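The first chain written gets the first letter, and so on, giving A, B, C and D; residue counts start at 1 in each chain.
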């Protein structure tokens, strides 16, 4: 099958490669023509611009946009919508806000174009492990593109099947689902990331206590000299917290328990924030997911204005003077 | 009436002064004899050591220990218990953990000594405003000491009476209560401080949003150039958040909206922590009180080990590299 | 001065009354003509519909819309904008989302109409105490309407002035401010409510611990039989947590410590939610404000699906069976 | 090797079985003699009481106490300490508070007895999967007992080795570690459970949002009809949140997406609470771990007193009347 791919960063490039390895054809474009030539050298059809890409594809076309969410994706989809023909499909594989998907699908439908949103997890490792995909859009279009998704997905692998599972459709077990109409793919991916933040913060806090308990600032009789690398490792086998995130933590701690290469300034992306907005909109209490997000916000500041307000109040009612860090 | 006072810091000294102004007698001791001589110059009976203080008092004695909680208070009470006679009273006016009060009351009862724990709020301002007091111990002893508490308390002042209040005992309205048996005074004071932390953090977060909304880093069309001093001031009249803490915030902001004299390193004391322990012990969900405490913990660190764990995981699954602050 | 008022519920009606008491003129309309006739009987000029109201006013007009936020306010402003003439002013005194204010001000400016957003706190008590007002819009228009705001505001009252305050403009001290351009009034009011939620929850959690500590389910030697009405009362005098919210709590507890008339199902309004959205948008950590909102969400549910997920996992890894409430 | 085992519930019985399968000898006792006879039928040496168990063992003995933490374990260890001889070892495999371990080890050392604390995870599944063990006590004693731990642990299994791991000691990779001196085993296990709570709550909140987004109470154009079983399943392959807890969630949802057999009343055990106490003691901010605990507390109540306080305040300042659930 043929897929147009726009944006040949790590994700887009590897999607092309994984498809080509399985015998599919990739028609590719990137503003950086070196990336295009590189992939052409691996067997892809290179395009000089969007119009060229469209012209080199058979109808009905399917074009996967793999660009940063927001303006770059928006502009590219707008341009594509001028170039494509009825029944063609635009796929947004980026981290788009799901309400933008809903709007786009409605707008494109007016031009008889289809829109599919694909949330992916595990991207960096996807070339070899495959991409876990949550897909939104019309069911017929999902089915039309199924060979591509099937190829990109991880497959069953050696992960044991879920007991009691009796769905006629085994695609979830092979690592991709049709979540529902446009927007639902990115909605599910968004929640995935919200959960991810929460799980990460749970580990962060636990290891923080372990580290602090080992601190030389504690009196000796209150201290345990804990080996955090061994602790992460032992939990990987048979414990309730075993998980990929734990594996990654064990990796990092095996190299350096002090994590000296990290300063602890932690970014967040749209999904973590939108998850909180969605919860607030739906009146769902999410203390863990929000705390995880706020910890990241806090990690990026030296001192908050709020903390200064606290100090000012304490001085006001008790004459308390700050003790320096 | 006569009261022995041990510890003549700001709190202890002013308690002596407020009592003497009302015609009571203070017998005072402090390791720093200058403090003793100073108060003696204001009319107190000075003592050279604990034994001297005890010998200068009429029986049954009442001795107020106003020292840092923990070892200093513990040691002084132990010494006093050797010197006092049956039916004498030891008062702990410090910030003692309420379970220590319960233990002490039991131990002292074996020697026929009484124990009273007094939690006070508004200490710095107490000389003029009076001390809001929550008192634990035997009711008879509370009644015996009532003239002292009555004098130290703020009194009704110009604060409007609570509608529907019909208690025969108006002492709560005058600013002091018998909370219950030993320990209950400090327990109630502990919860008071827990609430105080939560209220302070609510203001801190709100002003932080207001400040950030005024930040020159925001695009101009998303920014409001807010006057935080005026906002604090306007809320003082008629708004739902009017409170003493708001008054103090308005004070601080009137002097300097940037709060440049504060670095935002915020201490916490035992009460805030014990409140969380009590909630955990009693299975009461306290997300606000705990968040307020954790914000203070966080304010004292540059980067947490937990944050580094997050960075390490993000590098592991996504190749994300930290963006410096 | 003359003010048109649309919406004669408790807020709108009392605004009219407070203005008329001071000699201003109110031209009033409500879908419920009984309300109109009632206020007409108190001296207002009644109107049969919006056009009638507009026709009965002198130019430049100022019309205060005091309706539920959202559709009712939106529709009324749309209608008014057709009826009013250049230089007239529309005031939205409701709980509108500040981004809606910004949009409306821009749209109305295109018709040479002015828009002012007024956030008010303390509404129910406003007739007698006055309204604490945070006002957004053009400064000239704010100044034009100043006599109205001055009349509606609480004034200095007997609240002590803030030390170090030296602003030339004493309106903040009299209970109203010009916060900035359109939207800023409701923005500041929104944050006010966010803080209010946090303070309320701080008290809620503290009293919950006190109540639980008094529970007959506790072993007798761990229990204190605390009088919560007295505790609220004593804190009103001289303590750090003294506040209007504490006064209200003391009121409620004086009537009934069990609070039996309340089931504990707690609503939330837009402001509490938008505060969290704003914090997330601005990357400000707000654990207390969000926890307070989530506690309200949670109070309205019997059991969450999330809790069932926990139970299902616990059964899965440990065979744990739920113990009924 | 020989091991005495006291307490033949699911954990104790299976520990005996797993050891016997590997050729070790189990000398077993339980108050329920049926359990003793049952295991004797499987090859164990049964004992009629503690003295009998001790008399049937070779010296130096190792006796594993596998009883509920608290009084039952405490009493049994006290009795055993009277019966055992110098150089014998008592192992506590239960969920003991680590400070109790420290005290016991000190007390037993005075009698020349050794004490080892073993925290285990994955207990229910341990007979077949093995037990993940975190072990505290003297290193020489840990080494003495190594054959037993080696047998009980899961072993490397088919879990990929951690990159960069270069410890000479591969026991962490085989699922057990010597964490440090007495108490450290249970300390590490305690933190494990704290993390577990946080991870579970992250999933709970995420699925709650997904569920709510599918609710028929939402307007149709805001709703997605999501298949939660498929979502859990698809995340099992290649996503960042893949974990054993997700596997268990997928299991449960495959059987019944409504989780109708669960009411959502969620218990908590000592470890989750002690984790918070430890964090508070060590001044580590743990918003996620505490939120997870509080969600469980909240799940067990219909309405909190705190919620009623909120309702009472809202009535007080705004006349708001509760809307029933």
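The working rule: a residue touches a chain if its C-beta (ideal position, glycine included) is under 8 Å from a C-beta of that chain, and two chains touch if they have at least 3 such contacts.
If you're wondering where the values come from, they're calculated on a predicted model, not measured in any experiment.
Legend: contact pairs of A-D compared by residue number with C-D, B-C or B-D; the interface matching in over half of them is B-C.
Counted by C-beta pairs in contact, the busier of A-B and B-C is B-C. Taking the CA centroid of chain A as reference, the farthest chain centroid is that of B. Between chain A and chain B, the centres computed from C-alpha atoms are 47 Å apart.
Centre-to-centre separation between chain A and chain C, using Cα means, comes to 39 Å. Rounded to a whole number, the gap between the C-alpha centres of chain B and chain C is 31 angstrom. Contacts with at least two other chains are made by residues 122, 125, 201, 203, 205, 208, 212, 240, 244-245, 251, 283-287, 291, 294-295, 298, 300, 304, 306, 317 of chain B. Considering their complex, residues 240, 268, 273, 276-277, 280-281, 283-287, 290-291, 293-295, 297-298, 300, 304, 306, 317 of chain B touch chain D.
Only residues 10, 122-125, 200-201, 203-205, 207-208, 211-212, 244-245, 248-249, 251-253, 259, 262-267, 287, 291, 295-296, 298-320, 322-325 of chain A touch chain B when the two sit together in their complex. Listed in rising order, the residues of chain A touching chain D in the complex are 121-122, 125-126, 129-134, 153-160, 162-167, 171-177, 179-181, 183-184, 187-188, 191-192, 194-199, 201-203, 205-206, 208-210, 212-213, 218, 224-227, 229-231, 233-247, 250-251, 254-255, 275, 278-279, 282-289, 291-292, 294-295.
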